[in-house]
C-alpha cells in the first residue's frame, strides 16, 4: 500500500517548538523517580527515548504532557516562552479508545472535545493509511490489540500539534505494519518536535534524530551518538546494525 | 542477574502433550476468520506464531484455550485423546491483572481460584526472576506497563500446565529485559508444548523450535524452515540474521 | 411467544406460592386474601382497576421522566462543582429521610392536589437512586480517558473545559452506572406514585388501595397491589431491555450462568 | 478540624435557607416552624430526642446490616442461577411496589411489634438498591478476567466452578457497584426504620414524629425530622468514607473539579 | 404578617366551598354525602367539594392555612390544635357522641378493664389516647404503667385479631366492632363515656377563625342539618344515595356501620354545647394533655342563625 501524501497541515509552517525541562523532580511515595532531571527537545527534532521497563519513561511523557500528579515539580517551557497547554499531542501506553464511539469517532475525538467540525476526510485517510479503512464504523471492542493501537496512532496523528509525545506506539504491531507505520509517522511528523518512547533499539535507530537513554534511580538521561542519514533509515543498513549492537552493549553495561 | 534454577515441576516428567486442531471454523458476524484451519502442535515443542495484526492470532489462541465464542467450530484434541480443559496456561494480549489483588496475589491467582495452597515461595522466586522482587506487595495500579506485563508472565509461568499459550508476552519490555525473560521462559517451559504469538521475527527465531506464519482471510498457517541449534538462540548469530531477512521478505511478499 | 409462556408460568407459580402461604400460614382473609378471591376481584372490577392503573401509570411515567431528568442534573451539578457537593449533597440525603406525613401539608400548600404533588413525591423517591448512581459513575471515570481529554483540550489544567470533558468522556463513561440507577428507579417508581397519591388524590391505584384498606376491602386492595406490582415488573424489564439496547458497549457477561450465553 | 468547620458552616447555611423559606414563603409555624423554634426544642428536649434517636439508630444499623446481607445474597443468587432470575427477580421488583399499610398487618402477624417488623421494613427498603446494584455489577464482569479464570480452572465450560469465579473474580469486580448500592441504601435506611416504626412501635424517631404530629407539636416533629436527617447524612458520609477506604483500587477521579485533587 | 396562604376575603358571589374530610369517605360522613347527593348544598346555593387527606392530622392545618375552607376533625384534637396555636375554631358537629372505644376480643382473657393489668394495648396515634386510657384505667384502679402501649397505626383490628395486642384503644364502635364481628371474632367494647370520661363530639367541623363571618358557613350548616333530618327520616333511600356515588362501599361492613352511625349523627350540627366543651377542656387539663384551658370561645363558636 503506497503511502498517499496527506495534505500538509498549516502548523508545520510555524517555527518548530523546542522544549526544555529543568530540574524535574518526581516521587511516588518513597520512590524518587527523577531528581534534578534535565531534558532538551530541540525544535522539529524526532527524539527517541529508550530505557528499561519501569524506569520512568511514561512518567516523563506524562510530565511533558502536563498530566502532573502530586509529588512533581520542575520547570517546563517551550522555546517561545509560552506554556505547552493545548500544543501537545499525546499517545499513551494504553490505547484509551472510548468503547462507546466508533473507530472513526475515536479518531476525531480531539475535535469532538473542542467542539470543532471534525475533518472526517482526513480521519478516513489516516485510517486507510494505518490499514483500517474497513473498520471505520465499527465499535473498538471488536478490534484486535494491534488494530486498537493503530486507531490510537491515527487519533494522535489527527491532532495537529507542534509537540508530539508517543509512548510505545508500535509495540503491538507486526514487523511489516510497524515498518510502514514508522514511515508514515516520520513523514507526517516531519518538522514537529517529537518524543517517542520505544523498547526497540532498532526502531529508535530508524526514526531518531536524537536518541536518549534513560537509566538509573533517580533516572538520568544520556544521548547516544548521532547517526548518519535522515530518518526513516533502512533497518538493513550496516551502520544501524553496528549502532544496535553498541546500544545493547551499553544497556547491558548498566 | 543470573537465572536461578527453579525447582523442576512434576508435570514436566509426564509425556509431553501434542495438540491437533482440525478444520477450525470461526466467523465474527460476516467476517470469516478461519475456515478449515488445521494446526498441529507437536508435544514438548516451542512453537512461535507470526502474522500481521488483525489476522486472527489471538482468536486462534482463545480457541485453543477453550474460550469459545458463538460462531466457532472445529475439532480440538490432545494426543492422549482427552480434552484440554484444565491443562492450559494462557497469557492474553492484555495483562488482565486484578486491581484488588497485590502483585503476589495476582501471580498466585490460579491456586486461589482452585482453592489450593499457594506456593508463595515459587511465586516470589518468579517475581524475582522477572525483576519485580520489590513490587510483590504493591497493588498493580502503581506499576508501569512493562512491569504489569511481567506480572502477567509470572502468573502464567506459575501455572504448571502441559500446554502454554502466550499472546505477545514480551511486547512491552525493553530489549534487555526481553532477552532475559525469553531465556527464562525457554528454560521454565522446556518440555512443554508452547504456542507463543509474537510480532518480533527475531523473537520467534530465538525461541521457536517451530515457527508458523498466519496469513490471508480466511487465514492459513504455513511453517518456516527449521533452524539449527536449540533455543534460546543467540540473536547475534548470522544464521538467525539471515533467517530474519528471509522472514521479512516472505512477509513482504504477501 | 416463548418468553410470554415463561412469564405466564412464572406468574402461575407465584400465585400457587401465595395460595400455599395462605393455606398453610392459616392466614385469615382480612390479612392476606387467597389468590382466587383476588383474581375474581381483578376480573369483576377490571374496569375501575384499569382506569386507576392508567392514572398511576401516567404518574409513574411522568415521575420517571422528571425524576430522571432532575437526578441527572443533580448528579452533574454534584460532580461539576465542589460547592454543590457541599450544599446540595447533604440536602439530597436529608430529603430521603423525610416521611411523607411530615411534608404532606407543605406539598399541598405549594403544589395543591393536582398532578404537582404526586409528581413531586414520586420524583423524591425515584430521584435519589438516579442521582447517587450517576454521581458515583461520574466520580469514577477511568483516569486514562481524562488524561487523554485534558491533553486534547486547549487548557490542560484540570478544571478547565470541564463541560467538554463531562460531555464527551465522563457522562458516557458513567452511563452504565446511571443505568443501574435507572433500574432501581424503575422498581421504586410505582411506590413513588402511590406515595404521591397518598398526599392527596382522587384517582390512582394508591388511592384505590388506601380506600380499600380503610374499608377492609382486602381483596380489592390486593388486586390493586397486584396490578401495581405488575406495573413495576413490566417497567423494570422494559427499562432493563431498553438500557441494554442503548449501551451495547457495556454488554452483560455470562459470569457464572451458562444459560446466559 | 477543617472539615468540622465546613460541616458547621454548611449546617448554618442550610438553617439560614430554611429561615428564608419560612420568612418569605410566609409559612405558618404549624406547617413549617422556623429553625430557631426547632433549635430551641432540640436543646430543650435533647434527652428524649437522643433516646429515640438511639432506638432508631439501632434499627437503622440492624436494617443496614441485614438488608445488606440479604441484598448481597439475593444478588448472588440472581447471578448464580437462571431459575432465581426467573422466580426471584419479579418478586423482588414487586416487593418494591408494596406500600407499608398493605403489609402492616402481615408484618405484625408474623413478626409482632418488636424489632422484627421494624428491621423487616427497613430491610425491604434498603435491600433493593443493594440487590439491584450488586446484581448489575455481577452481570458486567470484564470478560477478560472471566476468560482468564476459566482457563485456570479445571473445567473450562462456562458454568463450571461458578462459585470460584464468583468469589475470586465477579464479586470483587462488582464491589464498586455494590458500593454505589450501599450509598443509596445508607441514604434510605432512616426512612426504612421510620416506616417500620409506623407499622407499630413504642419508641424511635418515627414514633416521636407521629406523636408530635398528632399533638400539633410541629417544632418537636421537625426537631425529630432534623435529627433523622442528620442521622441519614452522617450514615451516608460514614458509609461513603468507609467504602472509599475499603476499595482503594477504585479511586475517585477528579473528573472535572480541580478541588478534588 | 399577612398570611399569604389564607384565602382572600369572602366573596359573597363565591359558591365554592372545599371541605377536607378527616379520612376517606365512610358512614361517619353520612350527613355530608347526603347533603351533597340529595341537593341540600345546592339548595343553599353552595358548590361543595369534598377532599380526602393523607393523614387525619392534616385537615385542620390546611384549614388554618386557608388551603381548604372547612376541615373535619375530632373534638379532643381540636383542643390540642388550638392550644398549639392553630387559628381554627369548631363551627359545627357531625357526630355528637364519642365513637372511640377500648375493644377486646369477647372470648379473650380480658373481661373487664381491671383485667388489662400487664397486657398490651394497641393504639393508632391520635394525640390523646394515653389520656383517655389513663382515666379509664384509673377508674378500674390501674395505672398507665400497668399496661404496655403499642402504636399499631394502620392495623387496629388485625393487631387485635392476630393477638399481637390484647386490647385496642381508638377503635370506632360503629366500624371496628362490626369488622370484628364479620371476622367471626366478636369484640367487647368499653365505652369511654361509661368509664369516667366526659362525653364529647367525635367529629367536628373546623374553620379558620379569621373567616367565621363567611356567610357560606351558616348556609353549609343549614344544609347539613336538613341532610341529617332526611337521613333520619329516610334511612334506606339515604343508604341507596350513599352507595350510588360510592359503589365500593356497598358491602356488609359499611351497611352495618351505616346503621350504627345514624343514631349518633348530630341532629343540630350548628349547635354548640358550651358546658360540654368546658367540661372536656377541664378534663384534658387535668390529664395533663393541655397545660391551659382557654375559654370555650377560643375553641368553638355557634354561628349566628340566619336572619
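General observations
Note that the chains are named A, B, C, D and E in the order they appear, and that numbering of residues resets to 1 at the start of each chain.
Just so we're on the same page, contacts are C-beta pairs under 8 Å (C-beta built on N, C-alpha and C of every residue); 3 or more make two chains touch, one makes a residue touch a chain.
Values in this document were obtained by computation on a predicted structure and should not be read as measured data.
Common partners of chain A and chain B, by the touch rule above, are absent.
Across D-E and A-C, the chain pair carrying more C-beta contacts is D-E. Remark: chain C and chain D have CA centroids separated by 15 Å (rounded to whole angstrom). A separation of 83 Å divides the Cα centre of chain A from that of chain E.
Inter-chain centre distance (chain C to chain E, centres taken as mean C-alpha positions): 37 Å.
Among all residues of chain C, those that touch two or more other chains are 30-31, 101, 105, 109, 157, 165, 169, 198, 210, 213, 250, 261.
Within chain B, contacts with two or more other chains are made by residues 94.
Chain contacts: chain E has residues 5, 55, 57, 61, 65, 154, 158, 162 touching two or more partner chains. By the definition of touch given earlier, these chain pairs are in contact: A-B, A-C, B-D, C-D, C-E, D-E. Across the interface of their complex, chain D is touched by residues 6, 10, 13-14, 27, 30-32, 79-82, 86-87, 90-94, 96-99, 101-102, 105-106, 109, 128-129, 132-133, 136-143, 146, 157-159, 162-163, 165-166, 169-170, 176-177, 179-181, 183-184, 187-188, 190-191, 194-195, 198, 206, 209-210, 213, 221-222, 225, 228-233, 236, 250-261 of chain C.
For chain D in complex with chain E, the residues that touch the partner chain are 25-31, 100-101, 104-105, 108-109, 112-113, 197-202, 207, 210-211, 213-218. Contacts from chain D toward chain B in the complex involve residues 144-145, 147-157, 161, 164-165, 168-169, 172-173, 175, 247-250. Of all residues in chain A, those touching chain B in their complex are 28, 50-54, 58, 93-94, 131, 142-147, 149-150, 167-168, 171-178, 199-201, 236, 245, 247-248, 251-252. Every residue of chain B that touches chain D in the complex is listed here, in rising order: 62, 65-67, 84-86, 88-90, 92, 94, 96, 98-100, 109-110, 112-115, 139, 141, 159.
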